[in-house]
């Protein structure tokens, strides 16, 4: 059976006054039905753009999809006519965003908004839709949903608004849910509630989930497979367990090192990545991580590394995978911070 | 994105580019550009009036009263046979003087009061607020009329009288701006660092709100221009023989039905000036817009 | 706790914000942002303050520094009660206490070069003048890992991480002994956060600083702090040694916080026991009667809805405010 989603060499650029922002540079991956993919990376590395481009939700201009394919159920979304896209968006693929307030209409009550999505997408009558809305809101954990449907978005807390977004997203039983940092602006305890909710809905409805975040903990909690992005490239990809246990790319190693482990006490300095995130306007010819990489060599400056297999289903885009592993084995404390200066 | 951009450190240019960007936004509005060009021209005319005006402004010639435009008198003559063009050129002087100085005096009074009220809050703020309320509730036209009559009409007294109410606007604007500037993290940081209040206001708050003050200043000009014209029209503004547009309009009163030029040209001057200054203010607002949001 | 070791004592600190409502803008209610908080910080240690959004962490910081005057309570720094002091007396004491802000993009004056920003307090407090002040600025910049020649540049030319370093240099310019870090890393990229935390730790060792480290990133708080205080709706519900709080959290809220925290390890995550709290943080305007956590507590007792539990020392240097520990079990 072919996978649910196959992204091949997707390339997206933004043509701005200041120059061309190459936000996504030929990424490829696939996702099976019911599977969970986590995408991590620093702010601006192209996580959102890569997913929004699949649904053609980036502003064009300045954005443009420069090439590649996005096969969903065997259909190429990139070549699909704009008019046909609505059957996919909000139907087979649903999206939830970081800021639910921005996606909710402040002057329409919650019930009407969810019901509207249902009538539009499923052709229910208004009464049926309202009934279904209450069911859905109850399912996503909004207490006394019958009464709360009359409330307006500002009367809901951040976590509850995110639940409403989830209710809307699952209303037409999507095959794929894209969650773009839906918990970033929420408190830890509420974040845990939302993660739990999505996980249980996923089991119940059998949908696939792409979860975008910069919190490695969230990824560890829910993703089976992980793509690590840097400057518009996937620089490491693999099963979550492998990546967390045996990271291969120096960036991933540094990223994991920057999060204090539960058993590490403060006496030990954190491993960290030197330097600053890359300037997307001026992409290097070679490896984009080169300026911050403690293991870099001559070759890294000149040629861009492709993903090479480093394990079962596990790839890393680095010229010096072997050397890095050797150094790691020699002394874990120095990993990733060889050129470190706090 | 800002983060990505700020990586490329090009020292002076980044700061300069703020001005370039502001200028670009300003230029986008046609009315603003018109206002700017008009301002430059009218300033030149006002300053150079003695040199470039074709006749002395007070040369009376009963032989040529109320002439329509001719080659000798491009915009015709008034009821005393004085050259209209000359008088309009001289009329730019009180217009600018009143327009600008009224705003300036208003600022001199309103800015310190507004800043202190906004920053200190509490009883002082309450007092200033009530004062502002009082002055904005007063029928200011009457107040000005009364003041000018008591003080005897002259440009300076007119400016003084108009300033009595113009400070209210700048005070209110500055108070509001300062009130929100007080919440800026860097102002709080300065407080935490023990910087004296005076220095916080001068170095942190004022520079932050200065661009908006410039805008506030520009928006106050059209009102003053109108006020000057109105009061001079009523004969209690600029005293003859010094010409002013409003005064010229007032003198056109009995003749305008038959001699359109004595009415039309001063009116045009007033209307165009008001429009131009409004355009200028609008352009300034657009230009500074982004800079203000830290 | 030996008295001479203590740098800062906070006693029964309260900050209520009036809520205006009704027809005439009368005060109808109070937001009890900080409600009877007491703790001590010893010289050279780091006290971590954690809690969810809106629980009063920033307000606590502001009130300690007297940037806002408290409604009630004492703040004793080096033996001086700051709440009793006039503004001008406080000004000279400001060299002893500083704050690092959450947002590096708004905490620097965009119209001042960073050199001028760092030099300003040095000159105001007469620490150095003229060339010596410039020298001091250069020294501070180097200390926080920036190039000394950056002094002439404006904040807009720097990245978030660099700006945070500038903010740190500015705070350290007056040689404070006590520094409040109010979520200093939460607006930075993950890979930059660790840089700043390491810098803060290095500076602490180098200069003997005492920190109050506020954050909602429990992992970082646990990593950097010697002791941790957990706040809920304006009150401290548990406080103690970092390791104790982490290994043996007593308050159900602390336990839930820990359980909610995703760990960067898929295998650990699979095995972990989950406590998922129901509901949201109630409004601080009319906090629940009795224990403020009772509306969400998985182990709530009848008494919790009526009587507010006091913060009591259950074990040496480990305090908790919870009725579960009323009787020895």
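First chain written, first letter: the chains are A, B and C, and each begins at residue 1.
Everything that follows uses one rule, which is that contacts are C-beta pairs under 8 Å (C-beta built on N, C-alpha and C of every residue); 3 or more make two chains touch, one makes a residue touch a chain.
Just so it is clear, the model here is predicted, and its values are computed rather than measured.
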| item | value |
| --- | --- |
| Chains linked by the largest number of contacting C-beta pairs | A-C |
| Most central chain, Cα average position | C |
| Subunit B-subunit C separation of Cα centroids, rounded to whole Å | 49 |
| Cα-centroid distance, subunit A relative to subunit B, in whole angstrom | 54 |
| Between subunit A and subunit C, centroid-to-centroid distance (C-alpha), Å | 31 |
| Residue list for subunit B, restricted to those that touch at least two other chains | 3, 7 |
| Multi-partner residues of subunit A (each touching 2 or more other chains) | 43, 276-277 |
| Residues of subunit C touching at least two other chains | 159 |
| Residues on subunit C engaged by subunit A in the complex (per definition of touch) | 52-53, 145, 159, 161-162, 189-195, 197-199, 201-202, 216, 218-220, 222-226, 242-243, 246, 256-257, 259-269, 274, 276-281 |
| Subunit B residues within the subunit C interface of the complex | 2-3, 6-7, 9-11, 14-15, 184-186, 188-196, 199, 203-204, 207-208, 294 |
| Subunit C partner contacts - residues on subunit A that touch it in the complex | 42-43, 143, 157, 159-160, 187-193, 195-196, 214-221, 223, 240-241, 244-245, 251, 254-262, 264-266, 269-274, 276-277, 341-342 |
| Touching residues on subunit C, where the partner in the complex is subunit B | 65, 67, 90-95, 98-99, 101, 103, 105-112, 120-121, 124-125, 152-154, 156-160, 167, 170-171, 173-174 |
